[in-house]
Amino acid sequence: MIKVGIVGGTGYTGVELVRLLLRHPGVTLEVITSRSEAGKDVSELFPSLRGEVELKFSQPSVEAYQNCDLVFFATPNTTAMTQAEELLQAGIKIIDLAADFRIKDVKIWEQWYGATHACPALIEEAVYGLPELNREAIRSARLVANPGCHPISVILAVLPLLANSMIDPRSIIADCKSGVSGAGRKADLGLAFCEVTESVKAYAVSGHRHLPEIREILRILNADVELVFTPHLVPMVRGIHATVYADALQSGDLVQTLYQDFYRDEPFVDVMPSGSHPETRSVRGANVCQIAVHYLEQSNKFVVLSVEDNLVKGAAGQAIQNMNLMFGLDEAMGLENPGMIP
Amino acid sequence: MIKVGIVGGTGYTGVELVRLLLRHPGVTLEVITSRSEAGKDVSELFPSLRGEVELKFSQPSVEAYQNCDLVFFATPNTTAMTQAEELLQAGIKIIDLAADFRIKDVKIWEQWYGATHACPALIEEAVYGLPELNREAIRSARLVANPGCHPISVILAVLPLLANSMIDPRSIIADCKSGVSGAGRKADLGLAFCEVTESVKAYAVSGHRHLPEIREILRILNADVELVFTPHLVPMVRGIHATVYADALQSGDLVQTLYQDFYRDEPFVDVMPSGSHPETRSVRGANVCQIAVHYLEQSNKFVVLSVEDNLVKGAAGQAIQNMNLMFGLDEAMGLENPGMIP
Amino acid sequence: MIKVGIVGGTGYTGVELVRLLLRHPGVTLEVITSRSEAGKDVSELFPSLRGEVELKFSQPSVEAYQNCDLVFFATPNTTAMTQAEELLQAGIKIIDLAADFRIKDVKIWEQWYGATHACPALIEEAVYGLPELNREAIRSARLVANPGCHPISVILAVLPLLANSMIDPRSIIADCKSGVSGAGRKADLGLAFCEVTESVKAYAVSGHRHLPEIREILRILNADVELVFTPHLVPMVRGIHATVYADALQSGDLVQTLYQDFYRDEPFVDVMPSGSHPETRSVRGANVCQIAVHYLEQSNKFVVLSVEDNLVKGAAGQAIQNMNLMFGLDEAMGLENPGMIP
Amino acid sequence: MIKVGIVGGTGYTGVELVRLLLRHPGVTLEVITSRSEAGKDVSELFPSLRGEVELKFSQPSVEAYQNCDLVFFATPNTTAMTQAEELLQAGIKIIDLAADFRIKDVKIWEQWYGATHACPALIEEAVYGLPELNREAIRSARLVANPGCHPISVILAVLPLLANSMIDPRSIIADCKSGVSGAGRKADLGLAFCEVTESVKAYAVSGHRHLPEIREILRILNADVELVFTPHLVPMVRGIHATVYADALQSGDLVQTLYQDFYRDEPFVDVMPSGSHPETRSVRGANVCQIAVHYLEQSNKFVVLSVEDNLVKGAAGQAIQNMNLMFGLDEAMGLENPGMIP
């Protein structure tokens, strides 16, 4: 059994990790830390876990994790980078669900995250944890940077087109609609029920932190990539719907087959039948990205629709998929639950 | 492996049965029938099940179930009663998730359901499938009447008080708040998003079909029981919150201990700490009823709060718990998932 | 034109006052104060008011209100009581939408609000601003205590029964379902979208501040009143649905006529036809309380259903109705808008 | 007083017309027709109108409208075209809120609406009822085609750019997020609460009826316009958020001023400050389109955000604005209410 710990277990990503890890047959959950809730029963904060987990929140420290083979950082940005080195030296692998190690260009990272990177030496080693792109590297990684929730949905949507030079790399527009849980569990007027329900708005149109992340990854495939990324806040808890537009360089007649072939062996990417309109609810609670590709002849554009649960394939589930790879387990272990509808 | 079938698999109870049975290690799902969708892939109707289930909907018939050890009726009321006899004769056990066999007094049943009962001979044999009340009878039953969603939440809330003669049996008021999924999956203006969201209303105040069901069961414990039952429709998908009031005959000082002792060995009834206010979201997707009991000294009343997911502990999960008992499996098998929050 | 000011205009009650007063033909809005937002355009905080109001938030002070004939306190509890005396001496009338002057028994007030009352001398003079009970007193009042949102819905529901000695005064149970806006506009994890949507819970079962308020008012009609009051949080923005139960002392045969007669001349209480189930959405944005009364013969109980928009008839609209009375205007002026559905 | 009638008053557009017309000082509502509800009190179907409107639904017929100066068709598509000629001959003006007269090219109309046009002779005369484009023509029109809800938000968003040749006319992408009320009031499983809440999906990606409408109107300004239009269903009742992308032909430095100048005299288009992110809730219930324009230098694209209430500026309010113009009233009469938040 792999022994794992969770740093910062009081957020939505943290509790989702607990929910999924509790049913994972290859893992024992050793420790959950929280500076603010140390000493409190985990199930007191999350009554959904009553009878499921006996742990209390611990103070975060290297000692707390000493029995762990792996630690998940479900913390705010800029936390993992201050502790990663010490943990790795103690032989503990790391999956950071925040953004500290996602961007290779440290200057760009520092510009977008408004901080000096505390651990630039490890950035190069860190593997961007998207198995559909980096499976082999993840298997042997000590430090995995779990991707952002929007980037996963956008990258998976556009990957087959870009890898096959089907689109103008400078024409990509990603219009994303995201549930509120992506903003985290916190006291914030902007996230209050009465402020977000029955409304839609765009945010960070001039530039969101997920933009440089998507751009850097896509430029691995084509250095000319430029994109517009517009996230919107939608009144629902879970789910991201990415609608990705790009100018076609080739006819789209065979694009359905292209997608099906591209993702044929992927356990967690589901190419829908031609003409489909995926719904975020279909993947609620499931570690799946469902994708439908459309070609509009009149305007000669591709429109790709992709949906994921931002807390599962967009965060905790993706992290467990990475863990499975890092420890030689079946990649799908503990991640087999279908979506919960209605 | 137990072989099971689902009659009427296109409703919310049906798809929830599929979701739960797919992960049940002691069961194979042999057949799902639907008159209207026969021939269609189950996963076409429910894209959340893509890659999870290969079945197509079949035409309902005894032949369709001939390989089954058990059949779940996830049909509208008055369907199971027309087929039960034939299936039982073929050696197939039955759990009816509708109301056909819930009420022993056939005259009362016929009055509330507006139909002539097609199979009165089996009513006596049918076991009311509430393990907290009827565990032993369920183990040996051929035909189980799965309780209504409201009755489960109300009965579990009030059972310890009534069994211990703590309350005036004529003073019970059950004020229930229910999510919309309880009304089923159908085209109905009254269930349209724009008609039910951002609103609350009571319904069937003068008498709801779950009233005679609750009354009959509670009168097993005390023949003098009379109650008021008022269901309310709340703008959420899953969840029932029962708020049950009753006049105290004895002081409530020890009522917390009473509840804890009463439900100590129950795998799926969770008595919350004194002073708690359970939330329906804590049990979303889980086969649990969480209960908190309050005693109000000034008015000398008990107020019991109980929450369940109407599709799980209130329907499909409850049915699987009954199935586990009927086939000698671990009662909790396949039902271990915690609630999904947020 | 009556000149009015709003103290504490950044909350939901404040912005609702602005929305309604802007269209009131007998009023000019002179000043809106806010300690935290002073200097900012009101329409910057509330873009729904762009082009509608030119005011900036001012620092609160007596000088700020010196041109006003009336000031609304849309502040947290314990604010109005520190300023009321000075304003009244300056000839400015007051409507307090908070709780400072609602309860006549200062000891009970201090016990429930956890503070020493700063202005006990004015409590006796203050008029409880429920026109259906106190119309004449409101007309001549200098200081009106606008009722709490739950108390309005509960008192109006039960008033005809109590006034006509139809019920056991010790048997009243008020089970209320409230939208989230009643908790105010603030950064609070408990009010976050992801914490309250898709869930129902009771709160303050052991005692809510609106309990002593309702009790004191109802005891004016019958000194023996005792009641249970259980508020529940429901995932919607606006609306309160009160379900009030009481033991009948007389037959309920004529209760429909009784209610219709009792409220015949009330402009803002609407007795629905016999057998109705009012919905909160029908009164969204409107200054109306819709009521339906049911008599359950078998249990000999009355069940009264009443709905209001907690921000209108439950707060801002009620306050304007009181203002109209205080200044001799048509009681309905500025309050004629029907509910907004869907 | 202008005498008006509403044909088909049982839908969301119909009841919104009633809500707004009841407070309109220059109008009396003479008749509301409905084939299915004829004889029933309007306020029985819509309890929000109790005490506000005494009308019953009438059978639709020319006689029913004979006292009217104007009739609004709030009917499904293909109704108005069968009655328009007769009404116009009787001297009754018409505003059709459906699509019968929106598209000048009858072949395109017939292709997208799957019907033979019953009244092609009137198409040329009909005026597309967007005052920001056609104010003078509307003033003298007998027959106004009220625009579609999406087209209004998209056209107003892109009009200043297109009119000033700021963008490549073949590069327009309109990604729209719409509330559920846009789909109308009907019993339809796809609109059920449990099917649409907590989810987002695109629909009609390969072609939606609003696409040819937008295209035809925009081509009046530039014959080369081509566009992609992708509507998405969002779990809220009211509101459309259009996010419009286009390739810049000129620098966007002065685009904010351009928009402010372009819409300076428009009573119902509100250009937000530079850098804004409008929210649909800010215009809930109000006849306003709020617009924010962004220029992204790195990708040389404009991103325009526009929000409206699809039932007001997107339908009923827009129709009343047109009526005001047709009858020489103040264009804003009856439309002054600000948005209702929260």
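Points worth noting:
Per-chain residue numbering starts at 1, and chain names A, B, C and D are given in the order in which the chains are listed.
Operating definition for what follows: contacts are C-beta pairs under 8 Å (C-beta built on N, C-alpha and C of every residue); 3 or more make two chains touch, one makes a residue touch a chain.
Because the structure is predicted, anything quoted here is derived from the model rather than measured.
Among the other chains, the CA centroid farthest from that of chain B is the one of D. Two chain pairs, C-D and B-C, are compared here, and B-C has more C-beta pairs in contact (counted per touch definition above). Chain C and chain D have centres, each the mean of its CA atoms, that are 36 Å apart. Annotation: 39 Å between the Cα-based centres of chain B and chain C.
In chain C, 12, 181, 185, 194-195, 197-198, 235, 237-238, 278-279, 281, 284, 342 are the positions where the chain touches two or more neighbouring chains simultaneously. Chain B makes touch with chain A in their complex at residues 12, 15, 19, 22-23, 46-52, 181, 185, 198, 237-238, 270, 272, 278-279, 281-286, 288, 290, 336-342.
Interface residues of chain C facing chain A in the complex, by the touch rule stated above, are 12, 180-181, 185-189, 191-198, 235, 237.
Chain D meets chain A in the complex at residues 170, 173, 175, 177, 179, 194-195, 197-203, 205-206, 226-228, 230, 232, 234-239, 241, 243, 245, 275, 277-281, 284, 294, 296, 298-299, 301, 303, 305, 307, 342.
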